[in-house]
Amino acid sequence: MKLARLIEYLISKRSVLAVLLLVSMAALVLVDIILPPAYTRFTWDAIGGFAAFFGFAACAALIFFSRFLGEKLLYRDEDYYDDHE
Amino acid sequence: MITSDWLHPSLVLIAGTLVLPLLKGRAMQAWMVLLPLAVLGTLWMAQPGEHGQMAFLGMELVTGRVDELAMVFGWVFGTVLLIGAIYALHVNDRVQHVAAFLYGASALGVVFAGDLITLYVFWELMVITSVWLIWRRKTEVSFNAGFRYLVIHAVGGVVLLAGIILFQFETGTTRFEQIDVDGPAFWLILAAFMINAAVPPLHAWLTDAYPEATVTGAVFLSALTTKTAVYTLIRGYPGTEMLVWMGAAMTLYGVTFAMLSNDIRRLLAYHIVSQVGYMVTGVGLGTALALSGSASHAFTHILYKALLFMGAGAVIHMTGRSRLSELGGLYRYMPWTFVLYLIGGVSISAFPLFSGYVSKTMIVEAAAIDQRAVIWLMLVVASAGTFLSTTLKLPYKTWLGGDSGLQPREAPWNMLLAMGIAAALCFLIGIFPGMLYALLPGAVDFNAYTMSVFLKEMQVLLFTGLAFCLLLKYVGGGPKISLDVDWLYRRGGPRLVGAVGSAIITTDRAIRRTTLEHLARLTAHVEKKHGRDGKLAKSWPIGSMALWTAIVLAMLLTVGVYRG
Amino acid sequence: MTITELMPFSVLVPLIASLVCALLPGRFWPWAVTLVAVIVSAVIAAFTLPAAAQVTLSYAFGNWPPPIGIEYRVDAANAFVALLVAGMAAVALPWAKKSVDKEVPERQGAFYALFLLALSGLLGITLSGDAFNIFVFLEISSLATYGLIAHGSDRRALLASFRYLIMGTVGATFLLIGIGFLYIMTGTLNLADLAERLPEVRDTSTVRAALAFIIVGMGLKLAMLPLHLWLPNAYTYAPSFVTVFLAGTATKVALYVMLRFVFTVFAPDWSFVVLPLSTVLMILGVAGMFAGSWVAMFQPNIKRMLAYSSVAQVGYMVLGVSLVSVIGLSAAFLHLFNHALMKTALFMAVGTVIYQVGSARLKDVRGLGRTMPWTLTAFALAGLSIIGVPLTAGFVSKWYLIQAALDQGQWFLVVLILVTSLMAVIYIWRVIEAAWFQERSIKQPDVGEAPLALLIPTWILVALNFYFGIDTRLTVGGATAAAEALLGGGMTP
Amino acid sequence: MSALPQLNLFTVVLIPFIGAALIALAGSHRRLREGLSWASAVIFFLAVMGLLGAFLDGESVSQTVWEIMPGLTIAFRLEPLGMLFAAMSSTLWVLATPYAIGYMKAKGYSNLGRFFACYAIALGAAAGIAFADNLFTLFVFYEILSVSTYPLVAHTGDNKARQGARTYIALLLATSIGLMLPAMIWVWTATGTLDFADGGILAGQVSPAAGAVLLVLFMYGTGKAALMPFHRWLPAAMVAPTPVSALLHAVAVVKAGVFVVLKIALYVFGLDYLRELATSDLMLYIAAFTMLAASLVAIRQDNLKARLAYSTVSQLSYIVVGAMLAVQLAAIGGGMHMLMHGFGKITLFFCAGAIYVASGKTKVSELDGLGRRMPVTFFAFLIGALCVIGLPPTGGIWSKWHLVAGAFDAGHSAIMVAFMLSTLLNIGYLLPPVVRAFLRPLPEGEKAGFDEAPWMCVVPLALTALGTLVLFFMAQSAFDLLGGVFAPTA
């Protein structure tokens, strides 16, 4: 169970990891802004960090949209189909 | 089907499978591993060209067409059969093994079919073999789900049959090349392919049935059916505009519903829909790059999706639970499964260095080259969603998150081995994409590892992760199921069939009863009136006889004598 | 001796034998003598037919030349009927022994004597070319028949016999009246002579009345609806052997006489014009077919059921006649012959059941299929013939009848024929179902299969039903010749 | 094949009849009776194979046995459709014989002399129908078949059996005597012949209206084809012992019905003429309706045999549709379906009977878990079901293929859709029994463990199941044979 311990260790250091991750993310955006765009196929190709923003927005949108869809429309009890079969 | 330079892999597999029921224990296990290897061997020996031609019922069959496109799928099918077989080694259910191998043989048969008749035969075989992988879970739910799966595919089958027959009439040939006819033949065949490719709204069979399949069966299912459909779409419908939009819509549909799923394999199943959406989009785009992207994405998808299903399956196998809401904190007990699953997760999410990255970006890039802004955005949203549920939500809720109190043991060695092989391949392809590209038809002019692609992909993924962490408490889920179009046939269809059937039976019975009643009444009446003592039958007194005689005589005489 | 000289002996031999028989005691000798007589008679009839089909045979009794003396004048038509009558008698007689022993245990000499008289009478009617002679023989056979029927063990047999006697006498009287009218108008009784002389006087109401009387008189004897009312009881209560014999012969001879007068003596182009005979016969024929089959479907007694079936079958024959064509008449003759085959077989089977069980009620037949398989299989097979199933004799005559109807575009007749055939299916079916698919009630005695003496003749007839359903040369040839003889024979102008 | 002697057709037809007579004589002597049953089946099979050999060599075989009346003959001739029918029923008879012996013994039936004699007669009648060269001969044997099967249907002898058998015989006789016979007579008066001829005998001989009426008469007159609303006799006949059901549904009776339909369509009307008739579409849609309606009813039957019976009603209409579409492809499809359905359905009935023998169960809802006890039977059931549905790897797929193709060729897309729907419905009622048996657990208190029916029952059903698989690959032969029907015109 060495692997389990490794994972446990990583979890215990999760704040360190989070910082590292955030730093690298900032770096990514920075590089994207600094580097000239490779293409100009879409208008947003020129905007540095667009992908980061879009990823965040997409994720948030999916979370909320799916939740909305589920609660307003699609969710049923797990035995929904059972009574009829 | 056999010539000196061609041995049909399906034939090898079918023949080998027929031996399987006779074996036991170790011998059976050895045979199970040997069979896929033999298939890979026959693929190795296969020479490009057309093999196994024959005339049958007035039609020209080509049972073995070997070209690069077919071989891409052939290789990956062979590989996943090997992985799946190893994963299933511990299972002591011959029916499942036989079904799985015959299913694989059928999928290979479709891929190597050079004409639509052969394709159709294997297409149907695929259905009736694969359904056992669902049924053999032997629960009431899997029983019904399998049945629905069967019926939907039967619909697909008959639509395909009709399409092929129309196609034959219109073109005079049954060769399977790009389907370039107008009219119903085109649409019918397309619809049949789309059913198997699980294009919404024809997808619900997949998300309905796969989560109910056996642990090992789901691995084969996830790999074969939809991917043969992708193969047929690539072959038959490249550049069909409609598919671009349907594919992109699929990607979003899949990820959205995946968010709603509580069952781990249903979640993954929705991601099959989503991932196949990329491939369908690629087919629709129809450019060389897009088609290569579709083919290679199918290839990589089979491996990482198999890996994901194996991971999820291992959890189900060890814990007996499949709902996210009932799992959690398993990393201590099943760490290897966790890590291997994560490799699948990052592969499907298209992290650089893993296989999804080298194939999905190809399709996204093709969309970009084609200047399809909306499509591009949709695909990116979908990739964010993919990462969100398969790599973040699912592992978080299963292995991390709150402790569910479960203390399962690690998965058996053969499961881990199979997962390990799949993971290794995912990694290998991620690092050496050239190996995959070399298999594709035509030269691939694409490099996934450019700064631009890398930056975009990493930004999307990591900020998705950020959003997940921040919005964790809003992430949906819970012990619920969500409706999908399968409602139509789980609720609507049976009601309709029931109503029509009742109507017919009632009418029939009513008509029959009324008729019989009337008949009986009539008979009774007649019997009474005309029985032994009825008017006609009773013994008449002599007077009456004489009267009748007189009447007849009088009539004759009147007419005869006085008529003049 | 030529066949022409031999011919009268088929009438005379039974006549003489009957005298012998009446004097013989015991049970064996009367039967044996009868058998010999009948066989001789049948053999002569059998030789007569081929000869008569070639050329009309004529034999003058006592060497008085016709028309003064009595002439036996035989063409294909009456040779055909004569063969049928004598043949049926010959087939029925071996069957008779056992059955008669049981049902008429005493005074068998008289019984057989009556039988021989009846036979001789019937043959005499058939062969005779003299109108009055026909009447005489008719009376001989009728009186003998009444006696035979009265032998029935059921006391209702007497009543039935009495009714038959009344009606039969009425019929015979009508015939006599008709013949009398003709004699008044023409001064001759010889049929051929009548045919020659009638055209001069036929536009008189006397002649027309004569025709009407003869038709009604014979209609009575032949049980044409609605003059059939005597028949069911007579057939039901007569001893089985009598029913067997009568069913195959008596009505046929009456039909023959009617045809002889209508076609030969009066000529069809007159008789069918002066009276609406075609219409009347068609209506009566169809009505007979329907009423007979209909009533038969509901009878609880099989013998009675078959009797009503006979009424229906007579309907078919009358219908064939009403079409006034060679093919229609052929159909009538064919059915006359085939019906004799099948009805005799059926009555024999039923008689066998009566011999074993003592009753012919449907409920007494229940479950007998197991214990008396041969008897009831014979019944079922003969039943097929009466239904008109292909490969049976019944099919052949129905086929011809349908052809005749279609020949004249009478579609509805075809439908009617088929419907009545379906009714036949039903009444035959009831027996089969009772025999094989119902259980014998415990109260009823267990019985075994009937003796071979009864079975063999029955099966011979069943076999004949099939033989004549497949090899139709003889019957169709004979019937066509008979029809042609009546329609086209030299006697019509 | 040519090593076998080639007997003349009448002799071949007579073989089962002679067998029947001997079996009846053997009566209660069990060994002798069974030996004779075997012998008749095998000799008949060999004789038919002898004919097949000659037929495939291209010899034309015909024989006029007897002329009953001028123009009305008992005559036989070999033609492809009949050859197929004869080959099928003779093969299935060989397989049905041990099954019947095993089944009847296992269930303790009595009166087996009559039973096997009637069985043989039915086969002889089927052969007569198959080889008939004119409507008259066909009609004769058709009726023999009806009558000879009645005692079989009523064999159980109880009230229910009699009731069912009465419906059976009443409908069959009423339709054939009431409709087919008049139609036959009509044809005879209109054309002066009843002989089957390539391209039909009616074209140009009767008015279109008359032709239209005749078609309806013939189609409904062939009660054995079970076109609604004259289908009741089939479910009613379910009271019979299972070997009889097999005979009715696969070997002889219903196959004779659809065979007659095909034969009349091809050789009395002729496809070209048929297409012009006003009522051919009507009959087509009635058949299509029957196809679907019967399936819908079948889905709701819990009694396994009743379910199969309605399935047969539905499947027969496939063949009627094949004939009424009046195109070559569909007619070939119809002929092939006769063969494929024969093998498929007999397997299903054998299985239903085997289940009954081994477990006493007759209802679909009782089959839970039985697959583990009777794996061979249920696997065979699965294969048979696939064949009837028309899925690979069974022969059923090819006949369905041709029928659907024919529907398209004739321009009837609605019929195509009907075939599609029917396939789904077939799945809906044929697969649940198997799936239940294999997947559901045995009910409480029933002992597990291998418990198949006697081998005399199991071996035949395994063989017929195997047959459907073989037909998948051998369909070419049937196709070639049937293609011969059209050789003169095409």
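Labels for the chains are A, B, C and D, by order of writing; each one numbers its residues from 1.
In this text, a residue touches a chain if its C-beta (ideal position, glycine included) is under 8 Å from a C-beta of that chain, and two chains touch if they have at least 3 such contacts.
Only a predicted model underlies this, so the values are computations on that prediction, with no experimental measurement involved.
Enquirer: Quick check on the contact graph: shortest path length from chain A to chain C, in steps?
Expert: The least step count works out to 2.
Enquirer: Quick check: which two chains are joined by the most contacting C-beta pairs?
Expert: Top-ranked chain pair by contacting C-beta pairs: A-B.
Enquirer: Please find which chain has its CA centre nearest to the centre of all protein CA atoms in view.
Expert: D
Enquirer: Indicate the whole-number Å distance between the mean C-alpha point of chain B and the mean C-alpha point of chain D.
Expert: 36
Enquirer: Just the number, please: Cα centre separation of chain A and chain D in whole Å.
Expert: Chain centroid spacing, chain A to chain D, equals 65 Å.
Enquirer: How many angstrom between the C-alpha centroids of chain B and chain A?
Expert: 30
Enquirer: List the centre-to-centre spacing of chain B and chain C in whole Å, with centres computed as mean CA coordinates.
Expert: About 79 Å separates the centre of chain B from that of chain C.
Enquirer: Counting only residues that touch at least 2 other chains, which ones in chain B make the list?
Expert: none
Enquirer: Pick one for the touching-chains graph, please: line, ring, star, complete, other.
Expert: Chain contacts: none of line, ring, star or complete; other.
Enquirer: Please give all chain pairs that are in touch with each other.
Expert: By the stated definition, chains touch in these pairs: A-B, B-C, B-D, C-D.
Enquirer: Considering only the defined contacts, which chain A positions touch chain B in the complex?
Expert: Contact set of chain A toward chain B: 1, 3-4, 6-8, 11, 21-22, 24-25, 28-29, 31-32, 35, 37-39, 41-42, 49, 51-67, 69-71, 73-78, 80-81, 84-85.
Enquirer: Over in the complex, which chain B residues touch chain D? Could you list them?
Expert: Touch residues, chain B against chain D: 56-58, 95, 121-122, 124-125, 127-128, 135-136, 138, 142-143, 146-147, 150-151, 154-155, 157-159, 161-162, 165-166, 168-169, 497, 500-502, 504-505, 508, 511-512.
Enquirer: Inside the complex, what are the residues of chain C that reach chain B?
Expert: 163, 166-167, 170, 174, 205, 208-209, 211-213, 215-216, 219-220, 226-227, 229-230, 232-233, 274-276, 280, 291, 294-295, 297-301, 304, 308
Enquirer: Once bound in the complex, which stretches of chain B touch chain A?
Expert: Against chain A, chain B makes touches at 144, 255-257, 259-260, 331-333, 335-336, 338-339, 368-369, 371, 373, 376-377, 380-381, 384-385, 388, 400, 450-452, 455-468, 471, 474-476, 478-484, 490-491, 494.
Enquirer: For chain B, which residues count as touching chain C in their complex?
Expert: Touching chain C: residues 526-527, 530-532, 534, 536-537, 539-540, 542, 544-546, 548-549, 551-553, 555-557, 559-563 of chain B.
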